[in-house]
Amino acid sequence: MSGDAATGGFVLDPDTFKKIQPLEYHRRFLEQDVRADGRPLRMFRALEFRAVPNIDLPALCSPQFRPGPPGELTQSLSTFLEHIISSGHIIDLDTLCVASGRAVWVLYADIICLNYAGNVLDAAVAALMAALRNVRLPDVTVGEDADADAAPVISGKPSKPIHLSRSLVSSTFGVFDKQLLLADPTNEEEALVSSSVSVVLDDKDVVCGVFKPGGAAASKALIDECIAAARERTSRLVEALGGLGK
Amino acid sequence: MDRKRIAGPEKSVVPLPAPAPPVNPQTARPDKRRRDQIRSLYTKTGSVTQANGSAYVEAGNIKVLCAVYGPRQSSSKNSSSNTGTLQCDFKYAPFSGGKRRGYAKDDQEKEFSLVLEQALTPAVRLEQYPKSTIQAFVLVLENDGSLASLAAAISCAALALANAGIEMNDLVTACAAGYFGSAVCLDPTLDEEAVQSGAVLLSYMPVLNEVTHLIQTGEIAPAQCVQAVELCIGACSQIHTVTQEALLAE
Amino acid sequence: MLEISLPPRAQARRAGTAADGDDDDDVDMGGAGDRQLVTPGETITTDPAFMRGHGTFTHEQALVASVAGVVERVNKLVSVRPLKSRYNGEIGDVVVGRITELGPKRWKVDIKGRQDAVLLLSSINLPGGVQRRKSESDELQMRSFFAEGDLVSAEVQSFFQDGGASLQTRNIKYGKLRNGSLVMVHSAQIKRSKSHFIVLSCGVDVVLGVNGYVWVSKHVPITPEMESDPEGLYSNQNEPMTESERETIARVCNVIAALGRQNCEIHESAIVYAYDASLDYAVKELLKVPVQEAIVSQASALLRQAATQ
Amino acid sequence: MLIGASERDFITKGVESGIRADGRGPLDFRQFFLETGMITQASGSCRATIDFGTDVLAGVKVQVGDIEGRVDSDEAQADGAMVEDAGAGDDAETGAQSRGNVGRVVCTVECSPAAKSVLDAREVDDMCNEYSQILTRTLNGPHGGLDLQKLCIIPGSTCWVVNVDVLILDYGGNVLDTIFMAVRGALHNTRLPKATVEQTDGHFEFDISDDETEILAGRESVPVAMTLSKIGTSRIVDSTPLEALCSAAQVTVFVNRAGNVCGLQKSGKGSLEPSILIDMIETGVKLGTELAEKLDAVLDREERDRLSHIEPTGFR
């Protein structure tokens, strides 16, 4: 919360004041043309949704998965994907705007594994990036006032791609016997490694995320080793994937 | 709300397509096919390496993948049976159609799963697999006609079962047809389906000349219904030559 | 043949032919007379000399019925036989049952009782004659003797401690049932008698199970060879049958079902009289309630006539 | 339920030679009994019974509800797609307007414990689910007979919801056909309270009459079900439970009075040779039309009796 300026004059601390006098608390903000969470009065939060990524590991893709709700692996992978997309500001928000202050595009990215042979994250990140590059947003007309709730209608104008601020590459390493790094582990190896580390880098060599779901503890040196190995590979891949978009 | 998946905003809508001239398959089909012409097929087996058997079928825009696991030991509660069981699971990918689908199976997917089971069971020699379960998972990657997709799913699942080495009496194929006024058109697309007055889905064992499943909706004169059945049987035989080739091409 | 009508009772009501609440059009072929009918809670007697039997309990020195039924007295023992109950077996009963399950050295048999009866592997005749020694392989091929769903005729030979009946088929007249079909009636309609195996002159055999299951089949004479025929004893193969034989079997089935639905006692002479009365109608006409009523009342008249002679 | 090998053989050979175990020919029915209007609290009711066999009670209750499938709720779906209930979800631009102006029929089939004693619990659940789906699918389309547009009260918002609840009281074979007879009877018997709609400055209001009622429009076009079971090399109608166990494949033809096919459904684990299948469809259409006619005769008489205040007997 960024209410320091607005709360400066109070004797009570802001949290207590908020609990006792919620209406007055918010009113003090609004008098200053700002809201408690720092947004202007007419700004929507909907812009938080850039993309909604979900990974699915259906029973179809491997005998190790059963039908039903997603397992822990699936859940943590989806959360990590969402994290690297939103915190990395991959997608240029302006390109997702349909009608300022009224409607934005939501990109549902459903990543379904069709054949699970290990290291699903690297493949998922690559597929997601390629698919985002492939997105064409149609030109739509949004209804005014009374029709604002109705679905927008696609116009005849040409569709547009979205602008991606950066390109991500994930590199996964299995840690065998707590020290040996195996790049791109197969599903057989995954069952044997003590843990695995995924490093997501962008095309400018910036680390955008490190994913280490459970397993044995890894030293800082080992993580550094993974990052170094990932850097080595990323430049080549960025080139290959960059070509896809054009 | 599903807390195990990343949720989108509370409300989001699919934009409506631009107004287009109405489809009338009675006079001309949008993709210029003849009434008794099915979409061209592409089939491939074995692409899901983790499965005991798998198949991929493409019919025009329709894309269907099926993986077969088993025979595996049945769960204890029904293990006393002297014959095996075939379990089928039909699912549309979230991105397969106009509106995004949820991950949980809806009523239509449950019904289609049942139809798959009914269409394939007569062909599978389940008496050879006592106390075992054979599972076929079908995923529709792209849907262009819900009955046509189901038909492709049936042919695809039969191919995947054969690819898995499951003993079968015949290689089941399936075909859909729609009623448009007095006309019967085979293999209707999504746009055509929107204007049809009824539909037929028929599953068939071409070598044994036996129908394994049939379902029909819509009011129609008996003669036209029989015509649709006969057209579908003819198309099933055509599909059979393609799926048979795919099996032997391995 | 496709007929839709009002239910018989509604027909009568709407036509105004039956007075309200009058539903006693059932034909009584049992021995009428001094039957005492009681309902639960009704005092049967306050005489302390009587002893408490099944279906009764004592309450403040009175003997009270716990079920709806007919009071029965055997010397000082008073019991109430329920009007409707599941079959209660007695040793020596001839029953018809259906195999429901295979267990270790035993079959479970549904005889419409409170619990399934048991047929032990040691209580059946093994193919190859009575003298043959049992072997390990017999246990492995139990399903080739009796499989789930098979119908058998058997005799109740004993009871287990939990009240379950133990059956035996160690007589050539018992065993696997073939060449016909099953009719189900209430067990109370079949009284224990000397003849549960009936050979009708029309070429049809009837097995009257005391449990209410009746087997109607083509007549196949029992020959000495059959006893030693290892194949024949447990075969599932039916004899070849002509159309008229099938019709006769169907007729006998429908006649017994009609007697059952009209709440008659079912025994040899009842079947014979009702069968003769049925010959005026086509077999499938016997499925109609008025026809059933007609043949049963005709048969019961003949029965009464025979009883008075 | 179980059946022995020799019983199966006896029934199969009997059907093949044209003499069934109870003396009927292949296309003979048992006696059907039917009565309507015995549940006075329901909008419509009917009990259909096969003599000494299946016993089915259908009750209809009409309620005012929201129209489903409005364009803004994004539940629009393709006409004539297989699943006609909500959520089928394939957007189609055509008919969006008319879709917003229809009522709907909601069907459930349940089984009483008495009927459950014959079949095992899982079989019963599967059967009830399947029959609920078939009923819902059959009655919610243009082929279901009922005029769903007439069930609309306020276009785009309010409609009649026709709840059809079916209770299987006893199981004695040929259940689906009996259910359809009972449902058709209950719909015929149904009285819908008259709804009057007033419009003031674009705002709709409606009023439900207490005493004025209407019949369901299109009730005479509701199809009947006619199931043929293949046994051996022949096929029969109105199968008994034991005959049902001997049949590997069944075809149910849904037929309306005009003699048109309103649906087809093959069930069972066996397969059918096309010429037999077509024969079964054609036979089903012929017998189904006859059944619909005879059913209508009974239902019309029931309606006359009702108008002359002859009360139904019900369960007495």
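Here the chain labels run A, B, C and D in written order, and each chain numbers its own residues starting at 1.
In the analysis below, contacts are C-beta pairs under 8 Å (C-beta built on N, C-alpha and C of every residue); 3 or more make two chains touch, one makes a residue touch a chain.
Since we're looking at a predicted model, the values are computed, not measured.
When the partners of subunit B are compared with those of subunit C, the chains appearing in both lists are D. Among the other chains, the CA centroid farthest from that of subunit B is the one of C. Centre to centre, using the average C-alpha position, subunit A and subunit D are separated by 50 Å.
As a whole-number value, the distance joining the C-alpha centres of subunit B and subunit D reads 27 Å. The centroid of the Cα atoms in subunit A and the matching centroid in subunit C are 74 Å apart. Centroids of subunit C and subunit D (each the mean of its C-alpha atoms) stand 37 Å apart.
Annotation for subunit A: residues touching 2 or more other chains are 151. Contact with two or more other chains is made by no residue of subunit C. Counting partner chains per residue, subunit B shows two or more touched chains at residues 13-14, 16-17. In the complex of the two chains, the subunit B residues touching subunit D come out as 13-14, 16-17, 19-20, 22, 97-99, 101, 106-108, 111, 114, 118, 121-123, 143, 146-147, 150, 178, 190-191, 193-201, 205, 208-222, 225-226, 229-230, 233. Against subunit D, in their complex, subunit C makes its touches with residues 1-10, 13-14, 98-100, 147-151, 176-182, 236-238, 241, 243, 246-247, 249-251, 253-254, 257, 261, 282-284, 286-289. Of all the residues in subunit A, the ones that touch subunit B in their complex are 46, 49, 52-54, 56, 58-63, 67, 69-70, 74-75, 78-79, 81-82, 106, 108, 110, 112, 114-117, 138, 140, 151-156, 187. Of all residues in subunit D, those touching subunit B in their complex are 74, 78-85, 87-95, 130, 133, 137, 141-143, 249, 251, 256, 259-267, 269-274, 277-278, 281-282, 285. Contact residues of subunit B toward subunit A in the complex are 2, 4-9, 12-18, 47-51, 65-67, 69, 89, 91, 93-95, 100, 103, 135, 137-139.
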